[in-house]
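Once you scroll down, you'll see the structures, which are given as structure tokens.
Two complexes are shown next, each including chain A; its partner changes from chain B in the first to chain C in the second.
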Partner chain A sequence: MKTMFSSLRDGRGFDVGLVAFPMGFLFLLSGLPLLYNVVMSVQEVDMFSLGSFARPFVGLKNYATLFSQPETWPILKNTAIFVVASIAGQFLIGFGLALFFWNEFPGASWLRGLFLVSWVMPGLVVGAIWNWILSGDFGVLNYVLRSVGIISGNIFWRSDPNFALWAVIIANIWLGISFNMILLSVGLSSIPKDLYEAAELDGAGAWARFRTITLPMMRATIGAVVSLGLIFTLQQFDLFAAITSGGPNNASNVAQYWAWDLSFRQYDFAQGATISVIMIVFVMIASVIYVRSTRQEVRG
Partner chain B sequence: MTAQIELSQVNKHYGAYHALKDINLTIEKGSFVALVGPSGCGKSTLLRSLAGLEKITAGRLTIAGAEMTAVPPRKRDIAMVFQSYALYPHMTVEENLIYPLRMRGVSKTNAKAKAQEVAGFTGLSGLLTRYPRQLSGGQRQRVAMGRAVIRSPKAFLFDEPLSNLDAALRVSMRKEIRALHDRLGATSVYVTHDQIEAMTMADHVVVMRDGVIEQQGAPLTLYDRPENRFVAGFIGSPAMNFIAARAVDGASIALDLPGQPVIAVDRKGAAPLAPGQAVTAGLRPEHLRIVDGESGSDHQAFTLPVRLIESTGSLTYLSLGDTGDISLVEHGREHLRPGDRLTLTIDPGLVHLFDPETGRRV
Partner chain C sequence: MSETLRNRLFLAIALLLAALYLFPLYWMVVTSLKTGSAMFATPPSFWPSEPQWQTYAYVWESRAVGRYLWNSLVIALGAVVLVTALGTGCAYVLARYRNVWIDIGLFLILMLQVLPASLMVTPIFVGFSQFGLLATPRLAVILAIAAKAMPFFVVLVRSTFMSVPAELEEAGLVDGNSRVGAFLFIVLPLARNGILVSAILIFMQAFGEFVYSKSMIQAAELQPASVGLNSFMGPNTNEWNNIMAFAAMYVGPILALFVLLQRRIVSGLTSGALK
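On to the complex of A and B.
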């Protein structure tokens, strides 16, 4: 004990302490639940065995059961559509806005800051607001689309199986735009201005400069934004709870909402855990891409 | 000689700040022009205006006879070497070199062949597959120059390209840039705050201050016959000594030093001085000569105490006078100690005289 304190005092071992504290915290509050989740996915779990850890081992039976259910593939497909469409929308609009505010017109940074408001709003509040906007009879979105002449009759966004998933995607894109924009703005502002001047003198027009300077210099940032976007969209739960609750008839159900539904409403913890494990794999892939893209930053 | 770049009555304002004031400058084809001056004098702004990176507020610019005042940079056919080099960090040396050609629609095969050739004479042959971050400062400098010369533009602009290099490399790159200029027969405009660079590299030196051209001409003309006190003090190292003086008669002055020594000046055809007229005498440190104590009775001589001795081995720098603000450079070594009194003399033809009010040469 005495040697431990002295090593803390003279600085040796202090680094170990600094690392050990957050590592312990992460292991206790993230690592253990993760492992527990993986263990549950290979066990038979019901309401009565929930309290004990020693439950019957069933191997991959839960996975087999999961994929034999008729709703599994449609829900995984919904998840894929939700993730791809959300990230594409958030990224493209966010990048467009970042490029727009990069022009440094009067008030640009101030306006850009205001966009963060959408990101600090709780998902449930955003969901409630979008419920009004998307409302079939008196929603603003239908009104606008009708006025412009795109649709002739009202779309019942939340209850029409063809549109329910897209209702959540639209809300999720809105929620994620500002985060994408801020991160991409930081990336843009870190590109040295003289590269553009050199490219201009070398004969590059606006589009050529974007293609040969901006995009390659933004590769690391884009990788980070897209992989963080994948993680955040796979986490998105509040909007489903607030807007469609996964309905109608699973038309807007996605893996993360389904896992919660199975575990905490149908009390099928094993199935819920199984879905979560599948999602962990995807998040891990995204994390690896994220870590790699931030490590390989281009330096001049 | 024909004019390659012509500026007439060029002005640049940044809001209320007047950065360039009525600049008139003609740059001959094939010449090497240095823009020199202290920081904030407008030399970089002038260079960037030539490139089109800054819009000139008023005036006219022509390059090779064509009106270029409002033409965007990429259509001016001008290449620039930046202070930071501005190499594309995500491209290899070869990709950096061929970029200006590719942007002008040259095929990849032809561009690569040209890159090989340029790499040959810029000393980059073995480095074509490297990235800029894997290069030393001098190598990056060469890539920046290679990228500029590869497409044979109408003019090369250099914006303090050597300021990020160490002293030894700076001297050798100085020669390389000048050799490259001669080899290509190009027109070059070179911005620097270092008057040694300007004097050694350029055919024509333009000295600027506060957005105004103070004087332009051949390097040695600026040294031998500075038009005003600013140019006199800026060109030459160590800087010229300025001593208040008063005319005794048409061709001699009394320096405002202890004993009011009188020295002769050679007016070289200029109007004789009016007796009693106040002037500032400019004496270059390298023109002051130490004479033996015995010849101290010489009409031209005056005596000053030594304050500080700095020797580099080949040269000795002396600070003289009660406050040590008169400097002198001597070749070889001087066995002196602070407090020793030195008798000095100067050739009447090497004394510069300026008006104390306006700073103009009289």
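On to the complex of A and C.
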């Protein structure tokens, strides 16, 4: 007893103790739910069996049901469009801004910091603001597009099935510019300046310098930012809840919103768990790519 | 082109870009100050000619904004305390050693960091209801948020501990401190700023959390402001000035915190996420 106490205070036990509690906590509240999710996806779960652990085992029936539903493939396609378009928009705008603020001028770093503001805002607030900006009859975006002559009639962003998904994508791009830009700025600032001076002496133009120095030097950063973008985009839920609720008629529904909707709106917890399992596999793959592209940094 | 002219040109473009980017925030404030009819005017006015400040008092009273914000505060503080208490020691050990177990631990933590809340809420909700945790819904949400946020906190704080020289701690041990003493009185004070910034980031995230609260808290008296804002926005609402006033009151404290600590937040975020 005494040796155990002194080990906790002064030896190996101290480290083990510090790690054991948080790891145990994470195991209870993340690890177990993860396993429980898989278990529920092969069980029959309804409102009556919700409280008991012994539910009928149905094998892969939930998966078969899921893929026989007519809305499954359109929703998966929406998820793919949402992810690709959001990442492309966030990355291009974020990279452009990072390159611009890379130029040294007074106030650059302070102004650049302002672009982080969307990162700290509650998702519901961002969603509420964009819901109003994208409003069909009175939205300011329609007004601006009309006055510069891009559109002639109002676009009903939230209720037109052709635009509903894009309404959420626009809001999500705005939200994601911040971390793209900040992380890319960090990457840019670690490129040694003398590389550019040498290239300039050799007569390389701006585009050649960008293509032969900036892009290759930024490869690890770009990989990390894009895979982080994938992870964050697959986590995006609040904007769907605040702007379209997945509607109209699933036109803007994506897998991560659908999983929640099935569980908490239609009380079909088994189907909700089934989609969760499939999506979590995707997210895990993305995070392995992310960990690989930042491995050097993680190991220090 | 002279140096000053170039600087001014760049500054002008930067201000323009920042104004474009911050327009949604500006539009929130302008809309919240408009009258019911000015809000739906075409063309819309970009400046509130008769600011309706009483909208804020009206929304505060009629939508119980104070109660919602209080619940958000309780949830956010609970999550931050839990995450900081558990995560700091974990980050310290992960920063101090270098072996295969540490690598495995880090990898597991990074994997847990990416699990989307909207996917994890189904098993967490069912599990919590089976263990009766939903009887105390705010505690349930605090636990769920803490589990979601802790990996991020550990990664951020670990990078802070890595910048504390191990020699200082060893010197403390030679001087007769126990491990506990060296950790509490030498390492922790040196890492204080990094821990504080990470805790603030976790606080901001938890203050805006939505999925867990929406799914687990049924009683309106216990719901945080994110759920309150969501139930304020019906599908065919036309109270946009009131909704924007609600949003402004919700985001105001966070923006104030952000502006005050902007420099530290930026450096804290960037050091944790990539370095």
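Heads up, the rule we're going with is that the second predicted complex is superposed on the first by the 281 of 300 C-alpha atoms of A that agree within 3 Å, B and C clash if a C-alpha of one lies under 4 Å from a C-alpha of the other, contacts with A are read in each partner's own complex, and residues count from 1 in each chain.
Convention: contacts are C-beta pairs under 8 Å (C-beta built on N, C-alpha and C of every residue); 3 or more make two chains touch, one makes a residue touch a chain.
It should be emphasised that the depicted structure is a prediction, and the values quoted were computed from it without experimental measurement.
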First, second, both or neither for A:19, with chain B first and chain C second: second
Chain B versus chain C as contact partner of A:37, first or second or both or neither: second
Contacts of A:123 with chain B and chain C, given as first, second, both or neither: second
Contacts of A:63 with chain B and chain C, given as first, second, both or neither: neither
Partner chain in contact with A:195 - chain B first, chain C second, else both or neither: first
Which superposed partner A:102 touches (first chain B, second chain C, both, neither): neither
Comparing the two partners chain B and chain C, which touches a greater set of residues in chain A: C
Partner chain in contact with A:203 - chain B first, chain C second, else both or neither: first
Shared contact residues on chain A - chain B and chain C: 298-300
Residue numbers on chain C that touch chain A, as the complex places them: 6-7, 10-11, 13-15, 17-18, 21-22, 24-25, 27-28, 31, 39-40, 42-44, 86-87, 89-90, 92-94, 96-98, 103, 105-127, 129-130, 143-144, 146-148, 150-151, 154, 162, 178-180, 183, 201, 204, 207-211, 214-215, 225-226, 229-230, 233, 235, 240, 243-244, 246-247, 250-251, 254-255, 257-258, 262-263, 265-266, 269-270, 273-275
Contact footprint of chain A on chain B as seen in their complex: 51-53, 72-74, 76, 78-80, 82, 84, 86-91, 99-100, 103-104, 132-133, 147
Complex contact set, residues of chain A against chain B: 192, 194-195, 197-205, 208, 212-213, 216-217, 219, 298-300
Chain A - residues contacting chain C, complex: 9-11, 14-15, 17-19, 21-23, 25-26, 29-34, 36-37, 40, 45, 50-53, 97, 100-101, 103, 105-108, 110-117, 119-126, 128-133, 135, 137-138, 140, 143, 147, 174, 177, 179, 182-183, 185-187, 221, 224, 228, 231, 234-235, 237-238, 241-242, 245, 256-257, 259-260, 263-264, 269, 272-273, 275-276, 279-280, 283-284, 286-287, 290-291, 294, 297-300
